[in-house]
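Lettered A, B, C and D in written order, each chain numbered from 1.
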Amino acid sequence: MTTAVPNMLSTYPADLGGVDRNKLATCIEECVNCAQAGTACADACLSEEMVARLGKCVRTDAGCADVCATTAAVLSRRTGYDANVTRAILQACATVCRACADEYERHADAHDHCRVCTEACRHCERACADLLASLG
Amino acid sequence: MTTAVPNMLSTYPADLGGVDRNKLATCIEECVNCAQAGTACADACLSEEMVARLGKCVRTDAGCADVCATTAAVLSRRTGYDANVTRAILQACATVCRACADEYERHADAHDHCRVCTEACRHCERACADLLASLG
Amino acid sequence: MTTAVPNMLSTYPADLGGVDRNKLATCIEECVNCAQAGTACADACLSEEMVARLGKCVRTDAGCADVCATTAAVLSRRTGYDANVTRAILQACATVCRACADEYERHADAHDHCRVCTEACRHCERACADLLASLG
Amino acid sequence: MTTAVPNMLSTYPADLGGVDRNKLATCIEECVNCAQAGTACADACLSEEMVARLGKCVRTDAGCADVCATTAAVLSRRTGYDANVTRAILQACATVCRACADEYERHADAHDHCRVCTEACRHCERACADLLASLG
């Protein structure tokens, strides 16, 4: 689908605070996508026969979903931009996406939903790192 | 972008509980999209000169964002599906999207971001209503 | 602890829209508390040996946490109060708290955390119902 | 009110991963409290006559609420504890609470709700710092 992210950024009635608009749009989209994938993957793990060995995976998924959703929200607000807050949440988001993807990769052969989620996490981790680097 | 929603549903390791998969995927995608648009629109209103008259709009936006995000999460979980919970949150989501779009339409001529957000809300309201109707 | 809820309501710079302040404060506090308990209980279930039979419990917990957190946020915003939105989210919250408590009660003998969570859900369900009734 | 936090921690069916239980409980409670206060304060600002100068305050409030809620959720999950994720989100939370309190203090004389919220932010910032320090 075409998300509202680019249109919301291009209709923002003030300056974006010097942030690279494309990297910002990509990062918001990847965070939003990863949040949904993490929630869905945590739940899918619960329906696996081997759920007893997936506790860490479910927990990491859920945390990843929360942090990604919060990062998307923080990035979506441009009024009164605060670089310190933006950097701190982007670092937390990249960290949790990497932890989540590393955990998934131990199961991705066995579980297709973990493979889908790993991709979402790696994309999100990269988008956070790209945006962070561009912030200087 | 291509969201992870269809792939997460198609790799879910158990039955989806008789829900129409296409309507479900659309509804999750619209909820996720509307949540982001609501957060961004609430913030964009804060940068408008006439913000003093946009208090209700900002508040409705923020509530819409919260309810849409929660609805996306509840719909993304399929394990132990509970029809009463699903129906109640879909009804709340359709209600808040309609309230939000009605409020936006009072400003959509003046503010492009409100117009973008109105579309997201109307799409989400319709997707919730469609999914609700299909649940019987 | 003493929450900020009563003080935030008493320092709100405008009329509360005719809502009973005590019922509102109680409802916000119970929603916030139940959201945390639901998140913690979902996770505790993952550490139980019998987790394979707790899938529905974990899912219901997580949904309850999301809906309660959203309800607390919607109720905490008083500007541009919308009775339809408030009623719809309170109904959804009461529904999910009841579903969650009913599910927990099947495990509450075996798991102390489910017992703690059941209490939080029942309190929250009642607070939502009380506030709903007072809205007329 | 007595929150469910201590009881949920004491009924957790496995080891807490070496975390100081009291510091953890305090930090979860302060995060939950600050999330609610931030949401309520952002909304209260919208009802102030001088809202046009409160844009940054509303935005910082909303971000603080999101990050605090996510931090409370991440901390409430103990299964498969990951120290890197915990540290990153605690750092982000302390950063946003400090930014929010610094912003509030510019308005706290004028607005009682900003004063209440400043206290919640300072308590939360300190609780995050204490827990971080105890993690080594």
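The rule is simple: a contact is a pair of C-beta atoms (placed from the backbone, for glycine too) under 8 Å apart; a residue touches a chain by one contact, two chains touch by 3 or more.
Because the structure is a prediction, the values reported are computed rather than measured.
Participant: Based on CA centres, what chain would you say lies at the far end from subunit D?
Facilitator: B
Participant: Have a look at C-D versus A-C and report the one with more C-beta pairs in contact.
Facilitator: So, comparing the two chain pairs, more contacts are at C-D.
Participant: Return the distance between the CA-based centres of subunit C and subunit D, expressed in whole Å.
Facilitator: About 19 Å, centre to centre.
Participant: How many angstrom between the C-alpha centroids of subunit C and subunit A?
Facilitator: About 27 Å, centre to centre.
Participant: Would you mind listing the residues of subunit B that make contact with two or more other chains?
Facilitator: Answer for subunit B, listing residues that touch two or more other chains: 42-43, 46-47, 55, 58-59, 62, 69, 73, 77, 79-80.
Participant: Mind listing the subunit A positions that touch subunit C in their complex?
Facilitator: These residues of subunit A touch subunit C: 42-43, 46-47, 49, 51-52, 55, 58-59, 62.
Participant: Which residues of subunit D touch subunit A in the complex?
Facilitator: Touch list, subunit D to subunit A: 55-60, 62-63, 66-67, 69-70, 73-74, 77, 79-80, 82, 84-85, 88-89, 91-92, 95-96, 99, 103.
Participant: Give every residue of subunit B touching subunit A within the complex, in rising order.
Facilitator: Within the complex, subunit B touches subunit A at residues 1, 3-5, 7-9, 11-14, 28-29, 32-37, 39-44, 46-48, 65, 69, 72-73, 76-80, 111-113, 115-117, 119-120.
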